[in-house]
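Below are the C-alpha cells for one structure; questions will follow.
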Amino acid sequence: MVTTQPYDDDKLHEECAVFGIFGHPESAALTALGLHALQHRGQEAAGIVSSDDVQFHAHREIGLVGDIFGDPRVIDRLSGHSAMGHTRYSTTGEPMLRNVQPLFAELEFGGLSIAHNGNLTNAATMRKDLVSRGCIFQSTTDTENIVHLIATRRGAPVERMISALRQVEGAYSIIAMTQDSMVGVRDPLGVRPLVLGRLGDSYILASESCAFDIIAADYVRDIEPGELVVITKDGLRSHWPFPKQKQRFCIFEYIYFARPDSVVEGLSVYDARKRIGVELASEAFVEADVIIPVPDSGVPSALGFSQASNIPFEFGIIRNHYVGRTFIEPSEEIRHLGVKLKHSANRAHVEGKRVVLVDDSIVRGTTSKKIVEMMRLAGASEVHMRVSSPPTNNSCYYGVDTPEREKLLAANNSVEEIRRLIGADTLAFISMDGLYRAMGHDGRNQDQPQYCDACFSGEYPIQLTDRLREHDPRQLSLLAETGG
Amino acid sequence: MVTTQPYDDDKLHEECAVFGIFGHPESAALTALGLHALQHRGQEAAGIVSSDDVQFHAHREIGLVGDIFGDPRVIDRLSGHSAMGHTRYSTTGEPMLRNVQPLFAELEFGGLSIAHNGNLTNAATMRKDLVSRGCIFQSTTDTENIVHLIATRRGAPVERMISALRQVEGAYSIIAMTQDSMVGVRDPLGVRPLVLGRLGDSYILASESCAFDIIAADYVRDIEPGELVVITKDGLRSHWPFPKQKQRFCIFEYIYFARPDSVVEGLSVYDARKRIGVELASEAFVEADVIIPVPDSGVPSALGFSQASNIPFEFGIIRNHYVGRTFIEPSEEIRHLGVKLKHSANRAHVEGKRVVLVDDSIVRGTTSKKIVEMMRLAGASEVHMRVSSPPTNNSCYYGVDTPEREKLLAANNSVEEIRRLIGADTLAFISMDGLYRAMGHDGRNQDQPQYCDACFSGEYPIQLTDRLREHDPRQLSLLAETGG
Amino acid sequence: MVTTQPYDDDKLHEECAVFGIFGHPESAALTALGLHALQHRGQEAAGIVSSDDVQFHAHREIGLVGDIFGDPRVIDRLSGHSAMGHTRYSTTGEPMLRNVQPLFAELEFGGLSIAHNGNLTNAATMRKDLVSRGCIFQSTTDTENIVHLIATRRGAPVERMISALRQVEGAYSIIAMTQDSMVGVRDPLGVRPLVLGRLGDSYILASESCAFDIIAADYVRDIEPGELVVITKDGLRSHWPFPKQKQRFCIFEYIYFARPDSVVEGLSVYDARKRIGVELASEAFVEADVIIPVPDSGVPSALGFSQASNIPFEFGIIRNHYVGRTFIEPSEEIRHLGVKLKHSANRAHVEGKRVVLVDDSIVRGTTSKKIVEMMRLAGASEVHMRVSSPPTNNSCYYGVDTPEREKLLAANNSVEEIRRLIGADTLAFISMDGLYRAMGHDGRNQDQPQYCDACFSGEYPIQLTDRLREHDPRQLSLLAETGG
Amino acid sequence: MVTTQPYDDDKLHEECAVFGIFGHPESAALTALGLHALQHRGQEAAGIVSSDDVQFHAHREIGLVGDIFGDPRVIDRLSGHSAMGHTRYSTTGEPMLRNVQPLFAELEFGGLSIAHNGNLTNAATMRKDLVSRGCIFQSTTDTENIVHLIATRRGAPVERMISALRQVEGAYSIIAMTQDSMVGVRDPLGVRPLVLGRLGDSYILASESCAFDIIAADYVRDIEPGELVVITKDGLRSHWPFPKQKQRFCIFEYIYFARPDSVVEGLSVYDARKRIGVELASEAFVEADVIIPVPDSGVPSALGFSQASNIPFEFGIIRNHYVGRTFIEPSEEIRHLGVKLKHSANRAHVEGKRVVLVDDSIVRGTTSKKIVEMMRLAGASEVHMRVSSPPTNNSCYYGVDTPEREKLLAANNSVEEIRRLIGADTLAFISMDGLYRAMGHDGRNQDQPQYCDACFSGEYPIQLTDRLREHDPRQLSLLAETGG
C-alpha cells in the first residue's frame, strides 16, 4: 500500500469529504491541506468557505484541491478565524459549479455555510414540498434541502438545525458554520465517518484522521452516531437530537474508501486490509509461485496473503505514475494493439509463474479482465484472482457512487461466470463472515449486523423513502447552464 | 454621430438592456444580435436564457455580447422556441456572475426567467421582509425580490406576477419567460423604455428599436407605461395592473443613453440631439471659426449647432478606434507627458482657430478638462464649451449609474466655477426649457413635467422608500466569492 | 473622420508599422503607446524588444497592442534604455508567432533586433541562395533575409547592414537595434513612410507622426528616401548607401492607410482627404439632398464634397462601436434577414432623400453593395456612390495586402458594370489627375509620376524579381506548427 | 516498485527521452504513447514532429505528455507516416518554448527534425565558432549545434550528419528525421540508452524498452555504442562512423532513472534493484523489526533487503497520490507544524519498531532528513538508513541534472557526518564493488570500469572540453522572451 487511491472508473467511489477548523489564524490554509489529504474521497471539485468578523469568503472550483488551492492568492482571500471545506465526486451529469459545496446562504440570523458527506434518502420528497411553499432551489444537491429547512424554521441557529435534521432521512456527516460557531453532526446510524481533532486551541472536524496527520494535529475521538457538536469560542458542546440506535458503519470504508494510514472507529485501515488478506489466504489458498497485488489498493491484502501463505510477494505489475484522467483515448485503430496506459507487467516476475492476483473488489470487471490478460501475455502459467470483498451486487443509496445494478458484474453473474468472463483460472471472494472476522468480530451478526453491508447483502438499514415513492433522488435541473 | 457610444467613465451609464423573442426557431441567435445592438446600454456582462419544450438553457458571462455569444457552439446550446437576454452595467463592487441576468428560478409551476432594466426603490425594504420569512437570496440584485414574491404567491404565473409587481416601487422595464409564455411590463410612469416588435409570426420585446433594425424586424409600438403584455402561442394580451398615471419618460435617454438611430416614444434620437444643438446655438451663440464635436456623442448636436450658426463643422478631434477599457495605464513617470490614449487633436483645424466644442454632458469634468487642454496645446486661440444638457447635479435612483453626489461637478460648482475648472473661455449648458423645446414641447410644464428630469431638477417622481428608511438600496453580499 | 480605421475585410490593408525610441528610461512603455497609435496599420500581432545594459527583452503576441501590452507586468519585464516595436497585419495563412516581429538574432557582435514595414521583391530569390549556403530560416518573413545577410557579412554592425541592404530590392522602412545603437532606413524610392521625432534627449523613429502626438513628442522630419540614420548615445548620423533617386511615395497612404491626424511628407492627411472630396464634387457633381459618408474613412472626403457642393452633410449611417472581428457569423437561416452587424441606417435622414454616398475605395465591392441596399431599404429615392480613389485594379507588391487580382472588382469590370453590381444609380471614381491635384500637383507627371500609384496604374517603380523568376514571394513553411 | 518515478526535487534527473517511429499510419498517436511511457525521464515539456508526403507538422508545449497530447485534435494535426518526439527536463532558468525539442530546420535538402538525450561537452566551443561564421542560433540547446553543422556541410543528409557528429563530443542518443528517413545514433561510449523495436513493418527507436510495451511493439535490440542506423522504406542500415571503443553505460540508469519494467542492455531494471538490496543486506545488515521502503524508488531494493535479511517488509510510509508539483507551499507560519504533503507515516507499523529505511540515493539530503524525522515522530525506536547507491559526490556532464557540487551532501560530508545531519542511528551506502556485483560483474574493473560512474568516482570517460576552456556549457540567451 504505497499510495492513496488514484481515480479508477472501475471502482466504487466515495462521493465526498468534509473538513472544518474553528478559531485558527491560518484556517483556510489548514483546510486546504486537510482537503488535500482527503482528496481520495472526491476528485471532481472542491470548495472552501471561511469566516472573518465581517464577512464570509468562498472559493469553489471544478478540479483537484492542489490545483485549486495551490495559488497563495486564493488562500489569502479566504481570510478569517474559521474555515470549512468539501471535496466532491460528482454523481449526475456534468459537474455544475452551483453544486460544488460548501453551500452558502444568507439567512435571517446571518450567513450559513454547510457541507455534507453522504446521501439523503428522502431528498426529492422534501424538495417537492419545499418548492410548493415558495422555496427556490439553486442547486440540485440533496444538501440544499437542509438549508431551506433551516431558513424557514424559527429560533437560534442550532435549534433550527436540530429541527431541520429531524425531517431528514439518510446517511450524513455534516459540517456547518455560522459567523461564530461550527457544527458537526453524524446521522443516527453513523454510516459515514466524522472525526474530531485538535490543533492547539482549535477544534477540527474531518472525514478521516489522515487529515489531522498532514497538519500535525491530534486525533481526539470519533463523533458518535447521532451526535451533534457545537464549537464556539467557549468550547465544544454535544447534543443528542435523535433516539439512540446501534451503529452501522459502512464496511466498504475499510475495504477501499479510507486511506490506509487512517484509523477509523479505532481500527487501522492498513491492518484491517492486511487481515482480510490473511483471511483470504485461509479461505481460498492456492498453490502458486508469486503473490502480485493489483496496484494500488490491493497491496496490503496481498502482503497479508503472502505472509499467511508463505508465497513470495512481488510487484509483478507496475503502475504508470503519470496517468491523469484526460490522457489520449487511443483511437479504434490502435486500441486493438492492447495499449496499456495505466499498468504494465513486470515480465521477469510473471513469465512461467503461477500467479495469485489480489484486488480489493470487482465492480464492472473491465480492469480485472485486462489485468488477467496482461499476466497471460507476460507468460504467466496460471492466474488466480483473490478479492478482498464479497461480491458487490447491490447499489448504495448512502453516499457512494455505484453503477446501476445491471452494470454490477456480480449482480448478474455467479462467481463461476465471473471467473470465466475475466479469464482467470480460479477466482475467490472473501466470505461475509471472513470479512467480519478480519474486522475483529466472530462473524456477521445476522440479526443486527455490526456494519452497513447493503452493497453485499442488500439489507438497507435506513428507509429509502424517495425510492418507495418513485421520486428520482438524483434531481435533474430544469436549467442547463454554461458560461462564467 | 458616427458610432454608438463607446464606454467612457466620465459619462452617466444606463445600467441595462433587455431583449426577448417568442416563438422563433432561431430565438437565441436573434437575441444575441438584439443584445449586440443594445450593447451601449451595458458592457459588463450579458446573459441569454432560452426555452425549449423540455428545459431551459442559460449562458451568462462577464464580457461583451460579441465576445460571449460570438461562439456558435454557445448559441447552439441555447436551443428552443423562445429566448430572452440582458446586458448589464454593474453598479457595485466587482461584477459577480451570480448577479448577471436573466435570473432563473425553478418554481412550483416550472421554470421562470426574468430580466430587468431600471431600479427598484424599495428593494432593500422588501428583501429584509422576505429573508425574515425564510427566503434565500442568491444574488444582490433588486430583481431577485420579484422572483421571491412570485415564488411565494399562489395561482397562475401571470396572476402571481401581477400580485408581485403591486408590491414593487421604482423604475422598471421587465421581461419574463415561462415554458410557454413571455411577459413584458413597464412601470406605471414608463421611466425606462420598452418597445414591441414583430418578425414574421414572432413577437419581440426590446429596450430600443435599434434592436429590431439589426434583425430586420418591424417596430410595432412602445409598450405603454403601466402596461403588462403576455405573449403566448395564441398571441398577445395586454393587462393593466396599476391605476393610470401620466408618463414621465427619462429625458436623458434622448441626450445620451439611446442609440442615435433609435426612435423612442415616436421621436428620432438623432434628430432630438440635432435640435438640442440648434437650441444651444440660439441660446449661447459665440463668434467662432469652427464647431468641433467631442467624439462621439457630441456629434449630432455639434452638427445642429453648426447648421444653425453657420460656423463650419470640422472633426478637430480624432478618436482612436482601438482603445479598449484595459489599455495600459501609463505610469506616473510618463503620465505627465500628457498621454492621450483616446483622442488626439487634428491640429490643422485647431491651430489659430476660435473653437466651439460641443459635448453632451459634464459629469465629473475630467474629460472636459483634458479636451480643452488638448485644444490649447494644438494652438486654439479660443475654446468655448457648449453642453447639450443642463448641469447634472442630482443622483439617479431609477436605473442609471451616477457617481455619488459629491463627485458631480455641477452639484458643487456654479457654471462659472466649472468653466474655470475645465479651463474654457466660455461655457454654456442648455436651459431646461430649451431642452424641452428641442423635444417638441413649449417648455417644461412646471406642475407636471413631461419627463423625468430628476438628475437636473432634483424632483423625484417615484417615492424613494429605501432611502427614507436608510436602507442601502445597493445590497452588499455577506459572501465574497471567487472561483469557477 | 471621427475615428482611426477599424478593421474591414473589404479594404486594402497596410501590413505593418514600426516604432523605436533610443535612450529613455520608459522606452518600452513609450513604444507600447506609439504602437497603439499605429494600430490601424496592423491588427494581427505586435511585439516589442527592449535592450538594457546586459540583455535584450522581447514580448511578441497575436492580438491588439492594447490587449498585449496593457498588462503592466509585461511592460516591466521589457526593461532597458531603448526599445523598438512592430504591429503586423499577417498576410499568408494563419498567423504564426515566429513571424511576429521584431525579429531577434544573436550575432557575432551581440544581439540584433529588426522590424520592417514594406515588402522585399527579391526575398524568395535571396532566400534560396542563403539556404544553399547553410543559413537556417526560422520565420517565413522576407525580413529574415536581411538578418542572415547581416550575420554572414564582416565588420561593424552598420557596415554589415549597409552591405546587406545593397542586396535587397523592394519597399521598406526598417528599424534595427543593437546593444548600443538604433538604426532607421527607408528604401531608395521612399515608398513607405518613416518619420523622426524627439522627446527630450531621446530620438524616436515611427511610421507616422501620430505616434509622436500620443506621447507628446516632437516631430522633427521625415527620414528621406534612401537615408539610413544611426542613433547612438553620441547623437544621430546619416548615411546614404544608395544612388539618389526621385521619391515615389505610396499615394494610398493619403487615401486610406495613414491616420487622419498624421502629417505625411508635409501634408495633413485629413486635409488631403477633404481636398479629394472637393475635387470629386467638381468632377462628379450630382443633384442630391444629402451627402452621407460611409463610416469611418469616407468622412473627410464627404465633408469636402458637402462643402464644395453645398449639399448638406448628415450621418445617415451609424456604425456599431462594439463590433469586433469575432462576432457571431449569423447562420444561413437568419442571414437572409439582412442582418447588419456593423452599420445601420439613420432612417430619418435617408427616407425619401436623394443620397450621395462617399467612400474611399472599392476593393471587392461587398460592403458597397450592402450599404447601397441598406440605403434603399431605408427609403432613399436615389443612391449615388462617389469614391475618393481611382479604380483599384492591380495588386501591390510593396507591403500592402491586396486580394488576388481576380477578386479586385475593378480589375474585371468597367465602372458601369461595377455600378450595376453594387446597385447604385450613379457611380464615379476620382480621376488620376484629380487625385494628384488634391495632393497639390498640377496633375500626374506621366513620365515620372510623383507617387507610387501601381495599384491604379499598373506601373511598378521597383523591379519584381521574384515574380519574374516565378518564385512565390510568400514563402510557405515546410512546418505547420501548433502548441506553446 | 509499484509506480514509475514521480518528480522529486531531491533526486538527480535524467534530462530527456526520445522516441521515433517510421512508416506507420498512426505514427503521432504511437509517439505520444511512447513518450507517455518515458515521462519519468523528463516532465517539463514535450514535443512531437511528424512528416507526411508534403509537410512536417510539429506540436511542442510546456507540460506533461498526457496533458499536451491528450487532445485528439492535436494528434490529428500531426499527420503523416512517421513521427518522432521528445520529453524534456529543463536545466537552466525557466523553460523556454524555443528550447523544446524536437528541433526543426529547413535545410537545402528539405526539412530536418532532431531530438537528443544526453549532453555535448564541447557545445559552447562549437557554438562560438559557428556564430562567428554567421550561423544564427534560435535556442540555447546544445542540440542546435548539430543542426548548424549539418546545414553547413555538403552532400546527402546522412553524409552531412556523420560529418557533423565527428565534430561533436559528449554523451548522446539522437533521433533525426527527414522527409523519407529516420536516423538513430548513440555516442561511441553508449553512455545513454537507445533501443530498437518493431511494430508490424515499422521500426521504432526509443530511450527505453518500456515504450515498446505500452504499444505492444517488440523489442529487437539495443542500438550499439557508436552505431548510426538509417531507416527508410527499404529497411534499416547500420553505419559505424567512429573508431570502436569499450562501452561505458551510465550505471545510474539502473539505480534510479530507468523504469523498473524496462530491460536495459539485457538486464531487468527491477531485478538489478532487488539485487542491490540483497548486496546491501549482506554489506550492511542490522538487527531490526521492519524494512520500510522510501516510496517509490526504494521499493525493489527494500524487498531484496527484506528477502535476504528475513526481516519483514512493510509499507511504513504512505505516499499521497495527488501531490502535483504546484501544490500550496505552506506559509512560514504553518510550516513549523511539520506539514507532510507527500508522505505520511503508517504509525501501526512504525511505533515501537526498529526500522530500516531503504532509499536509492541521497542527493541534497532534505528528503532523507524529513523521512527519518517522520519515523521518529511515529514512534520508531531505532531508524537505520540504507542507500542503494554509493555517495553521490560529483556532477554529471553527460545529460543528468545534478545540483552544483557544493549542494551534493556527499561531496562535503563524510558518511558519519551525513548520518548525523539526517538524524539516523546508522547509515550505510552500498560499496562500489557491491554495486557492480549486483550488475553481474565480479566487481569494478579499476583499469577500465564497465560503466560510467563519474557521479560516484569522479572519473569522466569523455573529455570535458567546454569546462577546460571555461566556456559555460549552459549557454545563456541574450534574449529574455515572453508572450505567445
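Labels A, B, C and D are assigned to the chains in the order they are written; within every chain, residues are numbered from 1.
Convention: a contact is a pair of C-beta atoms (placed from the backbone, for glycine too) under 8 Å apart; a residue touches a chain by one contact, two chains touch by 3 or more.
Predicted model only: the values in this text are computed from it and were never measured.
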Joint neighbours of chain D and chain A, given as chain labels: none
Farthest chain (mean CA position) relative to chain A: C
Euclidean distance of C-alpha centroids - chain A vs chain B, Å: 51
Distance between the centres, which are taken as Cα means, of chain D and chain B, whole angstrom: 63
Distance from the mean Cα position of chain C to that of chain B, given in whole angstrom: 37
Residue list for chain C, restricted to those that touch at least two other chains: none
Contact set on chain B toward chain A in their complex: 47, 49, 55-62, 68, 74, 77, 97, 104-108, 110-111, 131-138, 147-148, 151-153, 477-484
List of chain A residues in touch with chain D within their complex: 1-6, 25-26, 29-30, 32-33, 36-37, 39-40, 43, 64-67, 69-72, 75, 199, 210, 213-216, 259-261, 263, 268, 270-271, 293, 295-296, 299-300, 303, 307, 312-315, 318-324, 326-331, 333-334, 337-341, 344-349
